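There are structures below to look over.
One chain, chain A, links the two complexes that follow: it is found with chain B in the first and with chain C in the second.
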Partner chain A sequence: MIATREPGPSRLRQELPREAEPPRLLGSLARWLWLGVGVLALLLFFSLASDDWFTIVNYCLIAAIATLALNLLSGYTGQISLGLAFFMGLGGYTAALLGGNPPAGPLDPWGLGLPVFIWLPAAGLVAALVGALIGPSALRLRGFYLGIVTLALVFIGNYLFRNLTFITGGPQGRNFPVPAFGGFSLDQQNSILGIALTSGQQYFLLILVVLLLSALFVYNLSRSRVGRAMRAVRDHEVGAAIMGVNLFEVKMGAFVLSSFLAGVAGALYVSYARYVIPDYWSLSLSIQFVAAIIIGGIADVWGSILGAAFVFALPQVIDYFSLLPPSTGGGGLSSGDLNALLYGLLIIVFLLFEPGGVIGLVRRLRPGGPRPQKLGTGASAGAAVKEGSESIEVVDLQQRLPGPGEERGSGGTGAS
Partner chain B sequence: MSGRPDHSNLASDNHQINPREPLLRVEQLSVRFAGVRALSEVSFAVWPGELFAVIGPNGAGKTSLFNVLSRVYQPEAGRVTFAGQDLLRLKPYQVARAGIARTFQNMGQFPTMTVLEYLLLGRHTRMHSGILRAGLFIGPTRREEWENRAYCLHILDLLNLKEVRDRPLGSLPYGLQKRADLARALAMEPQLLLLDEPVAGMSLEETEEIAAIILEIKEQLGLTQILVEHDMALVMGLADRVLVLDFGRVIAEGRPEEVQANPAVIKAYLGEESEQLPAPADDLPAVSEN
Partner chain C sequence: MAYFLQLVFAGAAQGCIYALIGLGFSIIFKASQVINFAQGELLLVGTYVVASAVLNWHLPFLLALPLGLLVTIVIGLLFERLVLRRMIGRPPFTILMITIGLDIILRTLVIVGWGSRTIPAATPFAVTSGFNVAGVHLGSSDLWTIGVTIVLCAALYYFFRHTRYGLAMRATALDQEAALAMGIDVRNVYALAWGLAAAITTLGGVLLAIDSLAIDPNFGNAALVAFPAIILGGLDSVSGAVIGGVIIGLTSVLTAGYESRLPAVVGTGLHEVTPYLIMILILMIRPYGLFGSRKVERI
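== the complex of A and B ==
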């Protein structure tokens, strides 16, 4: 049966079998429908939402870019990182330096006044460059150790951001000018193609375009050779190497690209807030992104976006609608307390009951069949019943390739 | 390799092999862990097209040997030459590039990957898209993906796995997982296939199927294979030559019937109870030890 002769390469080039075609992005009616629904929802939101809503959503979209960055590194490639805030900060200050006003006072230190289409990619590139410098030493470590090293980056970054006053303005921060495209700047009403747009709407468009490009890039990566290698490295390093995957190359690629996206997100954040202080780039920011990928869904583009919405927009929405006071002096429940409670509860619920995150839940409930369970949900992944025999063999997920002295994969897949 | 699967012959690199030289030569190989000798001065050679089996009781060093060949273990002494090059100078991931594919003894490493994705992962070294090209997924990358998917589907077809192509590995019965793993190793288009207990934990029926596949790989593709296996009947029925290890030492080497008649082998395998080894069976496989 194996000897079946196949058509030679030249013929193959002309007619590749249809069944082997890689799935198209918009390859099914359902996807077109979803696209239509999405566009419609965006249009509705765009034309109806108030400025408050644009503020909430714009921050959330920026957070979604950073969540994608972390998901690429931790979710797809399995490299635990708490350093996302550091790379966002790098991007933020790079943008502030390149796009900032010329020196005018303590809140306007050194700035080159360059336009957005320079400082935005530059912010990503600087963060990526620093990632490329740190990567070779940091990525020798695995699991918790890598987590600790990247955690240290946040503190080193914070120290630098406080003390490099000529760039960062020190602890009290620095202004960031309103981004401008040629004639019009984003802080005022402008009309594009005859439609008058508010500042929030213009930012929304800018951020949305960047998010869509990032999401498309990560999605494409995930379904290609590189994405498969990343998941293989996450699941089992030795196994991946045996299949010819260069672990270092894959980890570095993920680290650098993740840093790039984080830098871009940081730059957008600074530009939208129009102000930047070192305290933005704290450990708690990093941890919020970890929460976002767990709640949203590990190794999933939509999961990243939903996770960002849950972690970064939901609290604002609750504040917005809640009848509770924002904070109370003593007793009583404030909306801030409510947020903290919900947030903690969500993480616990998802870790325990839906390791696939919100997106895992959505995909499971969606008609069209159950999705593969994520790791860590128990026996289904590893247990095999040896039929026709009295012995039932359970293949332990932890019991992996060889014994003593070998390097082990981080093991912390999926639900970690 | 241009990245385009060469469909004219599954084991496409065979033309580079010099049939008068051993494909793999292991000389005086020793492996030691904290004072325990896993392998002591093991030497053997595997010739192109051969189905070479390595057997021995538990702890004899069979898997250690494979781990040296995969560059997971660093030997204390010895030389390994593969297709004329010094294997011990390669990094683990370069071993696959050099043309050695290995199946896993236990499955469960990649539970969320679908069978087709797993085979495509096997084609990692045969594909070339880097991060930027993959992220854009335009022209050449899409083409490469399509061609390699076609190649993988072909192999899935050969191994009767096409129906489960989109099932995650972790959701498949163990026997199918192992077969998918074998398919993945074939998708790598190796010159040398290392089979690490391919029928461990399998039912009789599954064992029979795998045995048939191994024979076909040998006879139709002429692919060189090294088989580590506990299942004596399988080994004796399939292998051209057998190497017997015991406590890390070679105690016998030769054709299956020679090895079976060797008193040292009988002693090592059966201890003091001198039962007969299972006869080389025509109706494979007779006994599954596990």
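== the complex of A and C ==
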């Protein structure tokens, strides 16, 4: 088990300085350049793109926020969750309840008609609150058990959404509020600073701001002490606890923050779609986000955005260019099917050969770039042992903290 | 009273189906510590093949069934051999995700191949066949389901207790290294577990399809209802899966039967979530299931 490892001390010297000092956000010239290119590309897109493209990109950016939420919980902290759709639904219906129009008839769902700067944060807060209530019992469970309990949340949520007719409109669905600031509503053309903006462009700006804030937050969190604690919990729970990480606090924090972001994404989604039925918040939605973090890149902000683009924008792009016939229900390959096949296949291919996802591939191919972050560093050892990953992780710990005068490999590593 | 007994009978039959699907999960989990998320889609492919064989190719049901079993066994074995074997030693998160990948592929292939419309299921029985005892209708498909499950459980019991390969599987589940040292080919054990699980699950699916008369691409979700069953029994307990399955089947059918008599606040579709509610309740009290073994964390 141990023999397959490369010698310890050389690894130590190579890796520690880089990991000990978190990368700065805009430290180097290259990063400033990339920022410039990004801003330029956004400006070009913003001024040239047609309405159809805004629709595709806006949905994709909303999905990117939710993908970040899942990556925070599953990618950084290693807690399997299939419950993302449930928390998005919570956020969506909170937005509807707070921001929706007051009911006209007795059968209409409720709405308080509050403005966007109340219902958007509230959507996140309610989802986070529910996350905080569920968290303590759910997070007692680990691995598969947590995955299955969060899966149960999706089904229980679906039952609630179908039956709480006064909020959700029942199985037929309900309308959702348009973001509005006073008399300034995002569903019509408005001019800001003398520039006339279409509805799609205004949504784009709003969503982009929320996405940027979320991405910055997740990125900064991941570079902080908390972020390192999260990764430690992911890589080896017992090891992290021994190193003084409070497992419960870290897991709860990740769970609550992830629920918050998911709630915000859900609210943005429904308010952009304007209408949603309870069945939208299904298990397959959760699974699409799982596909997004794996294909894009586990525990990576850019990876989340790329993954969301791949899973959520690609079928629309294929449809836009009419490359494949639309789905008729009678069989044959439609764009959605092709995409599903592709991402199913890519999940397997990436997990087998490049656990860092697309972004890991990019980082590895870029000369001088940081080494890709791998999910489960025990992978390379490939030992056919039951508790293989655990024992290998512990070997790692010992390699990084060799006792004074201790010969490498002589410690009691025969754990399992 | 006759109504109650009728529900209990139907619940027991449905519970047997969940037990079969749950057996598939726990056999794989016990052998290789993997939860196979694609189980539902293996079942889906199997039922579609059986339905096509009977309705389109006009094969007799008793020939179509082995064909469906064969297809899913081959898929299970290929996936185990080509994908999962390279994943040994990876964290559970990764392995769960990779089975989700297979799940997506199989489901999409079914939609591409057969379309997303509902098609009739293959059945060897007339819907109304069966007989009445004291006002309770015992349908032949339900009787067959219960009978098949009992026979299969007995066979599995014998297999795990008294045959060479069954003992090899149990030894591997208990201690992989010791099993290797004793000359057991652990790779064969994995393959055997996947083949066995695929076959049993497909059998459960075909029986469920007979019961529900029609199938569509969401049919594989039946396996998600078997999750509460295996969690209830404990992931690594084979007999627990059977008991859990029956409990889930009974509660689900009884809730469905009495749902209309509950206050209106409860709404519709409660029986779809009772299995999950029970599961969560059990997990709060016993995080390792009713019959599961508590895992000791070693460093």
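By definition in this document, the second predicted complex is superposed on the first by the 333 of 416 C-alpha atoms of A that agree within 3 Å, B and C clash if a C-alpha of one lies under 4 Å from a C-alpha of the other, contacts with A are read in each partner's own complex, and residues count from 1 in each chain.
In this section, a residue touches a chain if its C-beta (ideal position, glycine included) is under 8 Å from a C-beta of that chain, and two chains touch if they have at least 3 such contacts.
Just so you know, these numbers come straight off a predicted model, no measurement behind them.
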item: Partner chain(s) touched by A:78 [first = chain B, second = chain C, both, neither]; value: second
item: Which superposed partner A:343 touches (first chain B, second chain C, both, neither); value: second
item: Which superposed partner A:247 touches (first chain B, second chain C, both, neither); value: first
item: First, second, both or neither for A:238, with chain B first and chain C second; value: both
item: Partner chain(s) touched by A:207 [first = chain B, second = chain C, both, neither]; value: neither
item: Partner chain(s) touched by A:257 [first = chain B, second = chain C, both, neither]; value: first
item: Contacts of A:217 with chain B and chain C, given as first, second, both or neither; value: first
item: Which of chain B and chain C A:225 touches, first, second, both or neither; value: first
item: Where chain A meets both chain C and chain B, residue numbers; value: 238-239, 242, 375, 381-382, 384-389
item: Contact footprint of chain B on chain A as seen in their complex; value: 1-9, 12-13, 16-17, 19-22, 217-218, 220-221, 223-229, 231-232, 235-236, 238-247, 253, 257, 372-375, 380-382, 384-389, 391, 393, 395-397, 399-407, 409, 413-414
item: Of all residues in chain A, those that touch chain C in their complex; value: 74, 78, 80, 137, 140-141, 143-145, 147-149, 151-152, 155-156, 159, 162-163, 238-239, 242, 283, 287, 290-291, 294, 327-333, 337, 340-341, 343-348, 351-352, 355, 375-376, 378-379, 381-390, 392, 394, 415-416
item: Chain A partner contacts - residues on chain C that touch it in the complex; value: 33, 35, 83, 86-94, 96-98, 100-105, 107-109, 111-117, 175-177, 180, 186, 221, 224, 227-228, 231, 235, 266-270, 272-273, 276-277, 279-280, 283-284, 287, 297-299
item: Interface residues, chain B side, partner chain A - complex; value: 4-8, 10, 33-34, 63-64, 67, 70, 72-73, 91-97, 102, 104-114, 117, 120-125, 127-131, 134-137, 141-142, 144-147, 149-150, 152-154, 158, 168, 170-171, 173-175, 177, 184, 188, 201-205, 213, 216-217, 220-221, 290
